[in-house]
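Both complexes below contain chain A, partnered by chain B and then by chain C.
And now, the complex of A and B:
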């Protein structure tokens, strides 16, 4: 039971706290989000291009926040968190992927739109 | 205001006006009077017997996982009764309002409930039974049993544990409050968009539904983090993964599901909240919103949630059946794999909740197949339970009866579930009573397991067995009620009756609806038998006193420590040598090992902070429901302040001194040696039990009574 009696500030998780890293992650995240907003507002590329670029930026933001704020790395103290994160990735992919698949079929059936109005119409040649 | 509100709004009281109190609904007025009298009696009795201090010290501020578990179960039982009352009203209304000639009372055209009132009742019935009855009952059981089964002294985060309880309680209290202040959502427990959007449901009902749901989701997520951390990090030395009892495995799987799925629900509800409060368009038909997004997000949580509920029930059955078959669980490894297979596949089946909502045939086929896949691990479990009983010495005591009932209902519910897995079938009967009857079979599996678990582990928590006579009456009337209620429901499902009807146009359905009402009468009698069961058990508690191994054939670690369990669970953390450690120790004559000298035990201190946080969250919920912004801000400020203050509190632990531990241990042993368990075991098996004759304990032998705060739970 001795580990409970320690000063909580001595926990490795707390020791990793780093004001500069938090600030850096905050600034980088804000920049990435601003770029994403700018892409969405200005319509500078095709709809598909916008979706892909924003997804990419979001991925970068997740990695940066995971590293700087959640301290996910492969050091001995933190590898547990990283492994847990990796184990949850398939779940994330399955949920988002199956949802996208459902919406893809759904839009073909229900959202009849003029081609120019629907980005999905470009993506999906009418199969089935 | 960012959104257009219908009706008055004042800065001081928000949307709350006197008209929101339902004086004009006689049912609610009578309910309020009864509730008020009961509450006054409870408060008066607590004052009269001078129990406020005891209540505060031992229960309201506790961080003891056993007491928190007991409070979870009490909350679950109260809400189960409320949900049952709702069911009773739905069945009565549907039996009365059949055909154009049926009379109407109390403002209703047919029957006695207006469509608006009935809508609130079935919404509340669904929400309460799923998240405020079944979930607290199961979380409470896991709270009590998992640390005992893995040889831990408490949960990983005792303070978080209490917080989870009080957040869930806050949600339940808000549901109850919606009876008397305002109204509840009336569109079904899982919500519909855009119907639940502000323009179409302008009242506070949907807000009540949304925030209570949200509170329980937060509470359950916190609980799941706690249980996972406990199981992963706090197992006794020697307890490898493959020596963990089945209930602990099931708890781990179920809490992984909870941890990964409840956040999705929170997001789904938060987006609806943004639509209703800020005027965004996540779920609207226009402005870039998407109706199907809500269905998708909700059921991404919703289907894992039903496995979150069923897996602990399976775990309970896996504990009860070996104990009362006097055999080890058949196919332990396959059971573990099956539990995780069910957990894993639960993530790929959610679309079967909306097969008929225009998904592509290939998508529907995929989800049909995944749904059928669930049958494989479940079938493995059923066969394992049957093989456990095969050539065992099966004793039909109450826990075993409940487990067998759960097993039978699982077959009915599972088979009809397979029928529902065909997307083509769903085009025939979606939203119909066949589906309703199917999932009621499954939740009755959960209910039967819970009653079995309460019978099974009650002596562990309170130190005496529940009596058998009234318990058996309760059991049989539950069976009769289930048959009379749900067999006709299956027939009505085949006949094409849809769910949630406030008026039934076809008089040929009337006989079935009346048979179901008879079933409800059996259920009411069963509830009375349950009350008698509890009363007689409490009255005869001295007679039914039992020792550590209450059933004589317990197999896992929790039967090793005293009944009732001391605050610190184990005076010494046991070393685990095999799966079914306690059975192994009994076979090898190692049950009467007692250490000579005790050490101080380090435990968390009681704290009132979680209770206050729960109250403040309830205030926050109430303020948000009624849009009383000043109150909401005040509650948020106080919540943040309280969390900060608590985080600077370094005096959160205490050490139970060694001599107190010694007193409690010897006291508990002397007491149980007086009342040895009567021979509940037949068949001539050699059963060792943990009872020591007084005077042979090897320690000083003092029999002083134990100090109240550390003694086993009050009996």
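And now, the complex of A and C:
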């Protein structure tokens, strides 16, 4: 990271561009999102099963994109970007997960449920 | 740090310190700073998705429609195709940058920008349809966070489109100076990050909205 570059195009963050990785990311992400759409539209499994499977597909798509297009790897040029991402992930998960969990408990203790909904188990969209 | 691993080190003459300041890596410093900034933007999304998790509970419908009653996934799927294609074409533009191909960078960026505009048009039609059916942000807590997330994401796409327009002009006028190159890398981080965020929006707002 400290090398002085005469030509900015020789910078490692320019040279890491990779057309085949971008194409692979596009194809895999589109396939995963298409499968997700198909699952959601056809109602082929239970609602909970569909939600879990879509969450799984989204997680795979994010990992694929993170590796192929955001270049989250441990190469010399990118390792600190990856470290920052790894330190960020717990914040992201805890923010969403703890909020959903706290309010899920709060609703049950404080809110008057509509009669139609009392039998319906609440499902957080992030399913944490 | 500047010693190359490929070079053989003679232990008799090795020095354990750098004799000269290796130079400030302006591009690497600025892209890393921008990356940290993008992660703070992702924290805003974390707050929005946490709010979605809270407000998609049935008590927050306030008599308004549930998400499965009005979401049309065809538009969101069209947005998925255009945004992912735009990210792919921007990637090819960065391959052209690697090869020092100025026309390739500008051409790729132009196509990526057009696809961003198509994304915004689809988004506008989708939101317009919802408004035409009386589905407004002020109807319920759930609809407030629903529109906040999709409009916040659309604002990012608007910023990206304007940024690409600016960078096309800068590449045409200045060529690949260090300043232009770090901005192109930052725009790559920004634009590619929007695809990652869109995976979350598409999966957790639209697809799970149909199921819920």
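Everything below uses one rule, namely that the second predicted complex is superposed on the first by the 98 of 128 C-alpha atoms of A that agree within 3 Å, B and C clash if a C-alpha of one lies under 4 Å from a C-alpha of the other, contacts with A are read in each partner's own complex, and residues count from 1 in each chain.
Here, a contact is a pair of C-beta atoms (placed from the backbone, for glycine too) under 8 Å apart; a residue touches a chain by one contact, two chains touch by 3 or more.
These numbers were taken from a predicted model, which means no experiment stands behind them.
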*Determine, under the contact definition given at the top, whether A:75 touches first (chain B), second (chain C), both, or neither.*
neither
*asked:* Contacts for A:17 in the overlay, against chain B (first) and chain C (second): which applies, first, second, both or neither?
replied: second
*Tell me which partner A:26 touches in the superposition: chain B (first), chain C (second), both or neither.*
second
*Touching A:51, do we find chain B (first), chain C (second), both, or neither?*
second
*Report the partner of chain A that touches more of its residues: chain B or chain C.*
C
_With both complexes superposed on chain A, which partner does A:61 reach: first (chain B), second (chain C), both or neither?_
second
_Which of chain B and chain C A:109 touches, first, second, both or neither_ = first
*In the overlay, answer first, second, both or neither for which of chain B and chain C A:36 touches.*
second
*Report for A:91: first if it touches chain B alone, second if chain C alone, otherwise both or neither.*
both
*Would you tell me the residues on chain A in contact with chain B in one complex that are also in contact with chain C in the other?*
1, 4-5, 88, 91, 95, 99, 103-104, 128
_Help me check something: in the complex, which residues belonging to chain A touch chain C?_
1-5, 8-9, 11-15, 17-19, 21-23, 25-26, 29-30, 33-34, 36-37, 39-41, 43, 47, 50-51, 54-55, 57-58, 61-62, 65-66, 69-70, 77, 80-81, 84-85, 88, 91-92, 95-96, 99-100, 103-104, 107, 111-114, 117, 120, 122-128
*Of all residues in chain A, which touch chain B in the complex?*
1, 4-5, 88, 91, 94-95, 98-99, 101-106, 108-110, 128
*Would you tell me which residues of chain C are touching chain A in their complex?*
1-2, 22-25, 27-28, 31-32, 35-36, 39, 42-43, 46-47, 49-54, 56-59, 73, 77, 80-81, 84-85, 87-88, 91-92, 94-95, 97-98, 100, 176-178, 180-182, 185, 189, 192-193, 195-196, 199-200, 202-205, 207-212
*Inside the complex, what are the residues of chain B that reach chain A?*
260, 264, 290, 292, 296, 300, 347-348, 351, 357-363, 366, 601-602, 653
